[in-house]
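Next come two complexes built around subunit A: one with subunit B, the other with subunit C.
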Partner chain A sequence: MYMFKYVLKRIGLMIMTFCIIMLMCFVLIKLLPIPINVGLGVDKELVEANLRARGYYDPIMVQLFSYLKRIFTEGDFGIGVNMPGYVNQPVLDAFLTRLPPTVLINVYATIIGVPIGLGLGILAALKKNKWQDHTISTLVILLISVPSIVYAFLIQYIFCFRLQWFPLMMETGTDYFSWEMFRSMLPAVFSLCLGSIAGYARYTRAELTEVLTSEFMLLARTKGLTRGQATVRHALRNSMVPIFPMILSEFVAVLSGSMIIENIFSIPGVGMLYLTSIQVVDYDFFLLLSGFYTLVGLLAGIIVDISYGFIDPRIRMGAK
Partner chain B sequence: MINKKRIAAVALSLCMATGVAVLAACGNDEQPYDYETRARTGWEDSKQYTYKTYTAQLPSVWTELNTSDANDLELIQYINSSFFEFNYEFDENGEIVPGGFTVDYSAATKLEDVTKDYVGKYGLTEEDAKEGGHAFAITLRDDLEWEDGTPITAADFEYTMQQQLSPNYLFSQASNYYSGNYIIHNAQNYVYQGQSGWFAADTPYTEYDPATLDAKIVFTMASSTENEEKYDGATSSIRASMNAGDMSLENFVAALQSTYSFPVSLEQVKQLEGKTMAQIKADSNLNAVWSTVIGWWQSQPNEELDFFVVEYTYPEMEWDDNVGFFADDEGRLVIVIDNTIHPLDANGDLTYEAAYYLQSFPLVKRELWEKLEDRTSTPWKNAYNTASVANSASWGPYKLTNFQGGTTYTLSRNEKWFGYGLEQYAKQYQTDTIEVRYIPEWNTAWSAFQQGDLDGIGLDSTIINEYRTSSRAYFTPETYTYSLNLQSNPAAYTKGKNIMLKYDDFRQALSLSIDRNDYCAVNEPSSTGALGYLNELYYYDVENGGVYRDTDQAREALLNAYGATNNGDGTWTVGSVTYDDIDEAVNSLTGYNITLARQLMQKAYEEAKAAGDYADGDAIVLTIGVQEETANQERNRAYLENAFNQALVGTPMEGKLKIEFTKTTASNWNTDFMNGKYDICFSAWGSAAFNPNYLLGATQIWDANRLATAWDPAGVSVTLDLDVELDMVIAGTDYEQYVNEDGSITMDLKLWDACLQGLAQDDGGRNVPFNFSAAPTEVQLQILAAEETAILEQYWAIPMFSSTLASLISYKCEYISYEYNTFMGFGGVRYMSFNFDDTEWEAFVQADKDHILNYTF
Partner chain C sequence: MENKAYANIPKEKFNFVKGRDRSHDAKLETKARSYMRDAFSRFCKNKASVVGAVIIIALVLFAIIAPFCTPYTAAYNDTYFRFTLPKNELFAQTNFWDGCSAESMNKQSFDYYYYMGEETGHNAVKNQQYQKRGSLYSFRLDSYHKTGCIYYNAEEWEYELIQQYQDETNIQVIYPTVSLSDRPSSASTRNDANYYYKTQSRAGGTEIVYDANGDIIPVYASHPVGEEGKDGYHSIRVEGDGEGGVEYEYARRTDTGYEIRINYYEYYIFYHSYYLKDGITQPSFLFGTTSLGQDVLTCLASGARFSFLFAIAVAVVNLLFGAIYGAIEGYYGGKVDLVMERVSDILAAVPSVIVITLLQLHLQNAGSVVVLFIAFFLTGWIGMASTTRMQFYRYKNQEYVLAARTLGARDRRIMFKHIFPNALGTLVTSCALIIPSMIYSEVNLSYLGIINLSSGNLTSVGTLLAGGQPYLTTFPHIIAFPSVFLALLMLSFNLFGNGLRDAFNPSLRGTED
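== the complex of A and B ==
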């Protein structure tokens, strides 16, 4: 019951926060000058008349009302005005079309990165100060130190261009679950997850090392558990309390897509859209994407908090 | 233990480094490839040929009604047809005549001047009938059809133009038909019909009639933002005339006072704000202020309207019998225009204007258009030719067969196209499929090209020197000339920073400190240095191949602007060298004259010091606007900073100049610059290669497009002694005031521009005294060159380089010619031939030992 109330309260706060952020985004973007770039021979007054008919010159609160009305009555999030490649196209359609590749690549990166990262971290912790630990630590430092753009270029050059094990770019089409599509996503997936692997490994090693030296681990061994049993049943579970939220937050962070990775591997994802929407001042794209990322961030916060309770039953949010 | 750790780290690093080095060292083939260059076989060839290319930005809307950019046009060219089209001129041996062209019928079979048939209608008079060139009938082929076999008639074009000009859609491209090269009768009134609201008074009204207007027109000099609530953001045209942007009323009045000696205070202007003319005239105090204002401004009738806005509703208008675009009773497409064009010569043959002005008109498939029409929004929306194959229709040689947003699109042969089977297209259109892949990252595209997955790529500056001599390299000159713009807005000047920019000598010295050839070698390796605003691609006489830049007038313009001396005996002195003829003198120009630059800097220093704008020890800090600070931008910044400082050597300002970056955005870089946010920006103007008079005027003289907001071309007088009869005067104008005693003519730049272009009014709304658009070529050249000289000598926009694109074409395909032709480019897909079909090409790539093709040969 405590948990239920706590979740309800958090959802309420989330909705309020979301509304405040979106209101700020709406007002701030509308305060920017309306970009009107007309070429030679184009009637600027006609362009302005078009924008005026769309309500661009109405008072901001009137625009906000119209915007919300359109969304809630027609599901219309507007159309692109300046967004390259999406001018005069519904922004929601464009966004939904581009979301799957971003989500898939990040899901794959998480699926591949988490077990490898945790595995390396566990191995390093169990073999602390042995050559395995040193090798893994060196690798981790190397991977953390180098930005993902460098991995991306190296992976593309070595495995896609020279060795030609993978295509240079993501396959075309929307058959996202075919083998060819999966194979074409792997270079981007590896580029994205190498840094995460290093992060998971380092964090897991640190947490597990600490837990392994705890007194309760000694107690578990003296109770007759093997080292493996004690590690899996007690040490790992305890060390997961801070690691699991980290995995979630990492997933959320990469959900926004990586502009650079998407560019390099020609992935039709959402990474570029947000930045471009700000650069070209495309209101409708900006607001939809702001709303999406705000919502994802807020939801992630709630999920991370709730996840503590599932990982460690001793933790009960909202309990007095 | 420590040793083991070190050993592990070193071993790992060595493994990685070795791996990369080994892979990098994998050599390409050392010998050129052995393959056969095949002759064109055209659309008759039964093998499969795919042309693969890429784009950094996919198209949004591939219909002319609402196209947004060049990426849209790239697709449109394949799915549309032309009524009249340019073609190569071939000699009797079938060889291309360099620089030559012909104009052929394509989707049309006949073009007639029918001006006399419409006298009394569409505003045409007997005088127009005598003149001709106002109305044309285009007879279409009778076998035109859409990709699904639906026939196309002239009525479809009329329907489409109705959509193009529909007030329900308010397409910005509608203005192509009333403010472009020709003005379709009533096109503007049709699209504006029903528009109700506040407008600059001189928009709906061209004449000031006190009796009817005094009670309606309202005085305002405030900005659009300030007028948002009162007048829906409408502003009076005085602001547009002075290129004030959204500058506040206070700043605007201050700028007018400092730059143009505006004789009225801000308080007095505020007293006039919001008053109708009737109210002003009724109040003696207000009337006195108004008299001062209009006395300061007016040089032509009706200029009172420049200070007022008016609430107005454009009247409703029926299409039939009003708009000069319709299908006639004989099934021909008729266009009636307010100006004149000459697409037919005296023999009735097509001139270049047929392919230039009347190449095509927009066309939509009516059934699909109406199906996709969304009338629920304001303005209406239509998804025609956007986002998917289902929304698309073609009547060109190719049709869209695949479109995936953000990824790719594919065009395949449209078997219904009328051209397949025609003799005039024999051995052409060999390409069966065109695949365009979205690749935003150039390095990825370059890798794909080397792997044989792309058939063409533009060369990046990092590899251009390695590949520029490749047998597969070709170079595409562009009309675009990039200029270095300097801040002119006095409100943006700060002592100790950028105030030196206000001095003409300082700006000229900056210009003379840059060797354009050296600049290009360092910063723009594939481009060529530019000294004028119009490059070698601008024709003043298209039919006879007359290139403006090759004329003596244009050459003299450059020599005069860059400090050369005409010795009067046919020789010219540039710097310390005297050249026997003008060609040599012009060829020696690089824009660089450091001696003169330093002299000018010294003069600027003395003038600024005397005026209190510069004190010894002051820094000169100029800001350059960039969207991001890349290595290329830094190289460019450092180059300019070094060059400018060289011009300061030996003066008290030596070593004092710095250039710093300022952030701007892709959408607001120009307004940021015009509003004084930064001091230096690069901009380029191009296109309109057959109309240099228009391009120079529209981009450098008209307020709407000029970046030097505080420079007024109407304040620059130019005197020319023209070898022309004064029967080119416009009746009813006060032309005598411009004619000097010796017969020469003195006018300001805006008037010269309007006269040269044959406009009724100049950019400031003044009536134009002469029409030189039909003057002899030599006279037009003289005026154009004088305009260019005068603009260059202001040094607000300093030409730097003309863009040339360096590209590679794959071994798979060939252009018909690698010599650029202004009219045909390199022949495009139309004339492309293939050395390999798709299967053979795959085998060719696989035969390479690394499957990576070498293009250095």
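== the complex of A and C ==
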């Protein structure tokens, strides 16, 4: 019951924060003049009339009301005004077509990154203060410190250009599950997951070494378990408690951090869409995508806190 | 018990306590170590952090000193020296860092570069050395000389000035020109001044015509000896001029002046050392040049200098504001804390991209530096505030604080004299960790083009990266140096910050000894 209350409170707070942020964004955006870039052979007055019909020139509070009404009754987040390729198209549709590449790359990065990261961390913890541990620790420091933009360039230059193992850019098209597409995504996936591999490895090592020195491990050995059995059955399970939420939140957080990777490997994902919406100043796109990124950030934070309580019975958060 | 009722104890029965060596307030023999000194000595024991600190100092020195050591500025650019490769004069005769690239070409393309050097002595083919393998020629192509000659429209005064320079230094800048009818006929090579010999057009380009010996046939514009040329040229002449009864012409009269054929390398030296006198003696770029012809070294150094200055300024402002905010939150607690926490929660949840975009749209008249500063301030102080707040929660109920209050100290005094110094170590550490993250996000934002910091003498490492990215496969040096800089910076700051954190952590005290 404590847990339930705690979760409710956190979610309530999150929704409140989200609403305030979006409200501020909405007002700040609507205070700006409306930029209309009229293409060739398009009547400017026509475009203006179109926007006027959609309520762009109403008072801000009226606009806010109708914006919310449209979202909740029709699922309509507005139309693209300046967005190349999406002019007069529903914003939500454009967003949904751009979502799969971003999500897929994150899923692949997690699938590849988690086993490697955990493996390295476990190895380092078991061989503590031996050469394996030192090598892994050095590697981890390197991978954590060097920014992803640098190893994205490095991967692109060495593996895509010099060795030609992968194409330089992501394949176009929407056939996301073909082998060719997967291969062309791999450089981006690697650049994305190197940092999280290092993060997982460092965290796992720290947690596991702590658990390995605790007293119940001694008990497990005394009652006759081999070192392997004790490690797998007792130490690993216990050390996974804080690691699992970290994986979840890392997955969510990476979703917002891949803007640079998407730019380097020209992946037609949400990040690219967001960047373009900023460059061409398209307010409806900007609002929707800002909402998306804000939500992603908030979720990443809340997931850790809540799942701690669910996974580990020792932690009773919210209990007075 | 027998009662020995001494009337008085004789004096000699007494002796001084001091003499029995039971003094408890002996003066401390060892020297007291202050918190900071202790942290410093522990920091020095951590080798990795010291290395990190040394690298940071080196990078800072690079950012400060490098712009003074090169004659170039970030605003300098020369379109003819685009994509020149890194060159160090000390390595000029080796095959490394010499500004040359290994090339392999067929005879026509090779001869194009080879005969540049034959005419002017500025060898596009390094030392005119090559190896022939089958139909291909392998050689090192000098990126500083491969521009060769260009046609240049000079006004009368400049034409005279170049001739004056030639007379003074005895260096040939102007070479004999080629009359319009003898120039290549295909549009793409029509204005290529390196075809000073006979050519014929061919599908897809221009072909060199050779004589019976396989040599080129020069087609300089000329007039018979003794006749007055129309070029108004009176300076030194190239070798072989005047032979065979003809004199070469060095210019072609146009409506506005003269169209002359100049060797660009020599013209560059003339232009900078003789005309502008801006300290540039010859083109030589340690880190090469960008796609716009800017010097990578200068751009990197000035970008780094901006990054450092900016990050430190933001960190200081954030530290001040965050510390005060966090102190108030932590000290008063309760409702004040709740409200203030909500405010910082909300601000922390806004992605910085949104803040910057909105600020940029609203403050279009303010410079991007101001926008970036405000944005980083708005989102950056929260970390500092929460660190301070935590420390305040930890210390505010300790006995010594109570004692201070009992003695009548005001809130402000307790906060900043008694509690705040405890938080200093953590704050210093978070400062050391926030500076690289600030630099990194500044680089990211300018790389993504969300904010444009390059104007005039100002540039950013991110802009440099973005500009070099399309040429990653052809000219990796443009991106390599900024990337190495960034990687080194992040690595050293991380090592430094980790060391600092351990040094300031009292719970780790004495564990290493």
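Keep in mind that, in the parts below, the second predicted complex is superposed on the first by the 243 of 320 C-alpha atoms of A that agree within 3 Å, B and C clash if a C-alpha of one lies under 4 Å from a C-alpha of the other, contacts with A are read in each partner's own complex, and residues count from 1 in each chain.
Methods note: a residue touches a chain if its C-beta (ideal position, glycine included) is under 8 Å from a C-beta of that chain, and two chains touch if they have at least 3 such contacts.
On a predicted model such as this, the values are computed, not experimentally measured, just so you know.
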For this session: Using the superposition on chain A described above, determine whether A:275 touches subunit B (first), subunit C (second), both, or neither.
Result: second
For this session: Considering only touches as defined above, state whether A:46 meets subunit B (first), subunit C (second), both or neither.
Result: first
Exercise. Does the superposition put A:25 against subunit B (first), subunit C (second), both, or neither?
Worked result: second
Exercise. When the two structures are overlaid on chain A, which partner does A:302 contact: first (subunit B), second (subunit C), both, or neither?
Worked result: neither
Exercise. In the superposed arrangement, does A:161 touch subunit B (first), subunit C (second), both or neither?
Worked result: both
For this session: Using the touch definition from the top, say if A:290 reaches subunit B (first), subunit C (second), both or neither.
Result: second
Problem set entry | Which superposed partner A:94 touches (first subunit B, second subunit C, both, neither) | first
Exercise. Looking at the overlay, what does A:246 touch: subunit B (first), subunit C (second), both, or neither?
Worked result: neither
Problem set entry | Residue contacts with subunit A in the superposition, subunit B compared against subunit C | B
Exercise. If you stack the two complexes on chain A, which partner ends up touching A:142: first (subunit B), second (subunit C), both, or neither?
Worked result: both
For this session: Using the superposition on A, tell me which residues of subunit A are in contact with subunit B and, in the other complex, with subunit C.
Result: 142, 153-154, 156-157, 161, 168, 263-264, 279, 281
Exercise. Which residues of subunit C touch subunit A in the complex?
Worked result: 48, 345-346, 349-351, 353-354, 357-358, 361-362, 440, 443-444, 447-450, 465, 469, 472-473, 476, 479, 483, 486-487, 490-491, 493-495
Problem set entry | Complex interface listing, subunit A residues touching subunit C | 13, 17-18, 20-21, 25, 28-29, 31-32, 141-142, 144-147, 149-150, 153-154, 156-157, 161, 168, 256, 259-260, 263-264, 274-275, 278-279, 281, 286, 290, 293-294, 297-298, 301
Exercise. What part of subunit B is in contact with subunit A in the complex they form?
Worked result: 1, 4-5, 8-9, 12-13, 19-20, 23, 26, 57-61, 66, 68-69, 71, 170-176, 178-181, 188, 191-192, 195, 197, 199, 203, 228, 232-233, 246, 376-379, 381, 383, 386-387, 404-408, 437-441, 443-444, 447-448, 450-451, 453, 627, 665-668, 670-671, 685, 687-688, 695, 698-699, 704-705, 850-852
Exercise. In their shared complex, at which residues does subunit A touch subunit B?
Worked result: 33, 35, 37-38, 40-50, 52-54, 57, 74, 76, 79-80, 82, 84-89, 93-94, 97-98, 129, 131, 134-135, 138-139, 142, 153-154, 156-158, 160-164, 168-170, 172-174, 263-266, 268-269, 272, 279-281
